[in-house]
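One chain, chain A, links the two complexes that follow: it is found with chain B in the first and with chain C in the second.
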Partner chain A sequence: MEEKIISKEDLLNLCKDVIGNGHTLITPGKTEYTVVKDTSEIVLDTTAKPTKASYKTFVFPKAEPVIYYKRGKNDVQLLDVEVEQKKTVILGAKPCDTNSFNILRHLFNWDYKDEFYNVREKQFIVIGLMCNFSDNFCFCTSVGSSPVSDKGADIFLVPLDENNYTLRVVTEKGGEFIKDYSKYLNAGDEAKTKAVTDTVKHPEIAFDSKQVHEWLGTNFENPKWDGVGDLCLSCAQCAFVCPVCHCFDIVDEDYNYTEGRRMKNWDGCQFGHFTLHASGHNPRDIQGKRYRQRVNHKFKYYVDKFGEILCTGCGRCSRGCAVSIDIKEIVSNCKD
Partner chain B sequence: MDDLRKYAAELLEKGEVAAVIGYQQVSEKRTKPIIAKTAEDCAKLVFNEYCLNNLAVYLTKARVKELRRVNGAVLKLAITAKPCDVHGIVALIQESQLKREDVTIISFNCAGVVKDFGMDFNGETLATKCVPCDTHKPLYSDMVFGEEKETPKVSDEVLAKIESIEKMSAAERFEYFKAEFDKCIKCYACRAACPLCYCQRCITDKTIPRWVESSAHSRGNFSWNVVRAFHLSGRCIGCGECERACPMDIPLSLLNRKMVIEAKEAYSYISGRSLETPTLVGSFDVKDSDELFM
Partner chain C sequence: MDNIYKPYLAEIAEIIDETPDTRTFKLKLKDPEVAKNFSFKAGQFAEYSVFGEGESTFCIASSPTRTDFLECSFKVYGKVTQALNRLNQGDTIGFRGPYGNHFPLEELKGKNVVFIAGGIGLAPVRCVIDNVLDWRDDYKDVTIIYGARSVGDIVYKQEIAEWKARPDVKTVVTVDPGGETDGWDGEVGFVPTIVEKLAPKAENTFAVICGPPVMIKFTMPVLEKLGFKEENIFTTLENRMKCGLGKCGRCNIGNVYVCKDGPVFNYTQMKERPQEF
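What follows is the complex of A and B.
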């Protein structure tokens, strides 16, 4: 790990070069992370609220074709989809977002290596930014992260003063990337960085994830799940804005009688028909069972399978919920 | 606030209602729905400018309807509703989803609510749905609380935007809405938050045949958002919950408000205003203008 200092002006110059080199540059916009066309659009604000949507759509698009098909008289021709080879740089990702690939990677490389995800993730450079925002919905500290964590980032920025940032090279990938821009970097000062990060207010730890994991193992039938269900409206806002929710649906879209494509679309476990069987039976027929699944998947099943909590503590799901269902509150309540 | 809590607790105690659907405060500038079933729950009820939800959405939920069955009897449900939310309840009654005698409406004199939680209440933060609002007192209710207060006067930005869109060429309009709809992620929060999207099985969930593509690409998003606007034409009561629920900030009120204006101009009809009036789409008069028929 190596620390450098970069001036604000040079950071923008670096961005200009990134765009000039034909890479895609993404930065937090008003609602979602957006592609930067001109560096004047870039606003790096540590106190900004997390965007409503995460940036997972750039590695795991909301809808993407996975194969094209053509039906002949006696056969079906298949045409593979090539994933575009293009470097993408995310600038200003919050620590609760930077860790998302570390979590998602397990799922997309488990029983099947998902080429679409992997090709994109390999081309990604994540430049994180220290966070100075905190509201009632933040709980990164309860899931093993913090507002100053560089976990998952390739490069991490800490604002030192009005005009300068500490630029920390976190991964080898980040080191390779920054080589091309070394002219903008000056010698770093770790003591100065620490002085800044030490002042950052951390969200209070709301729950002990190990205890939650244990409680979930023995409380599948707990009546507590019922109350959650009465209020939830069964949309997928929570799943779709989540940086690590990854369920998808496979559907065929016909253009005409002989041609079409197979799509991979986001899906959400709070939809009533998510688990509806063709027979008409629905094992998660009421909302309480669906929310129980959401919490169990995040804090139990994923931990059992991959050793990671399927949650970054960004609080987006709760902040954006039309009926203010607060996952932090619910998980904190997962105890006797 | 004490009046409201006392009244609600009494309704429960007398066995008149099975539950009171209301708001509870979760932080200084945020409330969330609560289904109060005990006097203890009723002590949490509030009404203020942070009561953003249109709770009428819960009245058609199967799980909430089930709550009415208590010890072999079928009780009423009570609901706290802003005057605009009462329009939603009336529309549900007009559409035979609910009977007037099955619901106890606890309403308030309302001077508007904030755009979003966490904001101070002033003219600038008045919710867009409140700007053109002309119903500060409920049209129907069983009990009304709260003082009558003046609503802040704010310019009607949504109307101005609709007018500017009307001046666009068809191609420009298409581009405008394409850019907005492209943001859609098909989470269906708009549908979930809408009191009038009560279909047990939405047309988008039908797969044989698939009428609306489930993919969140331009074509699929256009299909969904246009189908929804059409299905709510002459039915939308303008509570703005779809727009508030949308995580992608799609200006859905532009479409819905435009449809409300069209229905009013062509048929002098506004949804949810009168229990005596049949619904616009459910009634026909030979004198009706056929200009809008498709």
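What follows is the complex of A and C.
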């Protein structure tokens, strides 16, 4: 890993060049990650609260067509969907967001490869930014990350002083990208970076994810699950704001009598109809079972399958919950 | 770009009305190149779609040894099956598959086989039956026990007649008490009772069982009493699915996906699963 120093001014110049080169630049806006048209819109604030939604939608859109169809009298014609290939730079992603692609990649490439995801993900350069924000909902340190973690980022920024950032090249992809902008880079100083990162306050560790994993393995029928999530309104905002929730639906949409498209739309495991069979049978018929699935999927099943926790500890699901269900609290309670 | 969500197109070559609410489609894949290279194994499933209505999951009901048509049987229940039911011979549907694992028929050669099915649960069992019958010399005794609610609910009447006509297969069809008609020459009684009465021997035998959960629930203790080992009892599960590819996140039972790790499980594997299906 290579460390450089870049001035604030040059970082903005770099952004200008990125836009000038025809790439898409995304930064955290007031409520969500937004595409930057002009560098004056860029605010890099380590103390900012995580945006309401993650940037998942840029690689795995809320709704996207997977096939177009045209119906004739007896016949059907299928038309392919092309995914736009455009280099995209995410600037200022918090460590709890940068790790999301590392986690999602497994799912979309497990045996069958979902190229809709892959084509987009390959275009992405993730530039992470150290985080100085922490509230009662944050728990990145409980799921193996931290406010100074560069895990999942291609490039990582640490603010050194008023005018300068340390720019750390984390991945080969990041190195390849920064080559074009080397004129903005000066020699780095690892000791200085460390002096800054050492002062960052880490959220308290709320639970031991290994112990939670173990407990979940033997407590599927534990009475503790009764009533968990009973408050839930089944709105699934928790899944929609999550950087790594990935469940989806496949639905046909007709434009008119002869044409339409087949859509892949976000879905959520807290919806009652998510697992409802046509016969009326529903394996997860009550909210407690659905919340049990949510916790198990994130902290047990995904770990068993892919070796990763399906959670980045960003706390968005709890921060945005209308009835104050706090996943950190529930998972912390997964013990005897 | 490879598109795992893009279905093949298939033409409905023939429609068979099994019961008033159950139909079988004989399908032909439209692209000759795809049709030539298509292969699957007994127990695998597919996503069938009506464009404009959506996709639905059923097993492939025909045997892989019979390559003239791909067959599927469905009971009219929800949006997609209602749409399928409105289609006619010659219409085009979408077909995505084959997906999932299969019955270990190769490994089970040299054994006796007992098939136990109830209702539309005969569809996934039928493909295994036909597969075994096409490889008849590789297996010892073959017994088929099929139960339906009433005589009118019996599916695959033509196949059942063929199985009954074979001297090398023991076929028993039963209807629930009260479901018999005047001329009914089969058994009357619930499937577990009939299995107990017939008492197929458990030694060197594997069983394939599929049907409504209540049938399976009461047949399992009977099989255990007869001495069947759990690992020799196979069933095929169904859960709501969308992708069939292990991605959309709804068909899991604990940490296994029915679409990828299943749909075929033996009873030891079933018991290891959290009871959430």
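In the analysis below, the second predicted complex is superposed on the first by the 336 of 336 C-alpha atoms of A that agree within 3 Å, B and C clash if a C-alpha of one lies under 4 Å from a C-alpha of the other, contacts with A are read in each partner's own complex, and residues count from 1 in each chain.
The criterion applied here is as follows: a contact is a pair of C-beta atoms (placed from the backbone, for glycine too) under 8 Å apart; a residue touches a chain by one contact, two chains touch by 3 or more.
All values derive from a computational prediction rather than experimental measurement.
Once both complexes are superposed on chain A, the partners chain B and chain C fit side by side without clashing. Within the superposed three-chain model, A:Leu12 lies out of touch with both chain B and chain C [touch as defined at top].
Within the superposed three-chain model, A:Leu44 lies out of touch with both chain B and chain C [touch as defined at top]. Between chain B and chain C, C touches the greater number of residues of chain A.
In the superposition on chain A, contact of A:Ala63 is made with chain B only, not with chain C. Contacts of A:Thr275 after superposition on the shared chain: chain C is touched, whereas chain B is not. Contacts of A:Arg262 after superposition: chain C is touched, whereas chain B is not reached. When the two structures are aligned on the shared chain, A:Val200 is found in touch with neither chain B nor chain C.
Residue contacts after overlaying the shared chain place A:Phe248 against chain C, while chain B stays out of touching range. Within the superposed three-chain model, A:Leu231 lies in touch with chain B and out of touch with chain C [touch as defined at top]. Across the overlaid pair of complexes, the angle with its corner at the CA centre of chain A and arms to chain B and chain C is 90°, in steps of 10. Of all C-alpha pairs linking chain B and chain C after the chain A fit, the shortest spans 6 Å.
Shared interface residues of chain A, touching chain B in one complex and chain C in the other, are 249, 251.
Touching chain B in their complex are the following residues of chain A: 30-32, 52-53, 57, 62-63, 135-136, 229-231, 233-237, 239-241, 249, 251, 253, 263, 265-266, 268, 271, 273, 286-287, 320, 322-326. The residues of chain A lying in touch with chain C in their complex are 66-67, 69, 71, 74-76, 78, 80-83, 107-108, 110-116, 119, 220-221, 246-252, 254, 260, 262, 264, 267, 269, 274-279, 283-284, 289, 293, 296-297, 300-301, 304-305. On chain C, the positions that touch chain A within their shared complex are 1-7, 9, 11, 49, 51-56, 77-78, 81, 90-92, 94, 238-240, 242-243, 245-255, 260, 274-277.
Interface residues of chain B, counted against chain A in their complex, comprise 26-27, 30-35, 53, 57, 63-64, 67, 117-118, 183, 185-189, 191-193, 205, 210, 213-217, 220, 241, 244-245, 247-249.
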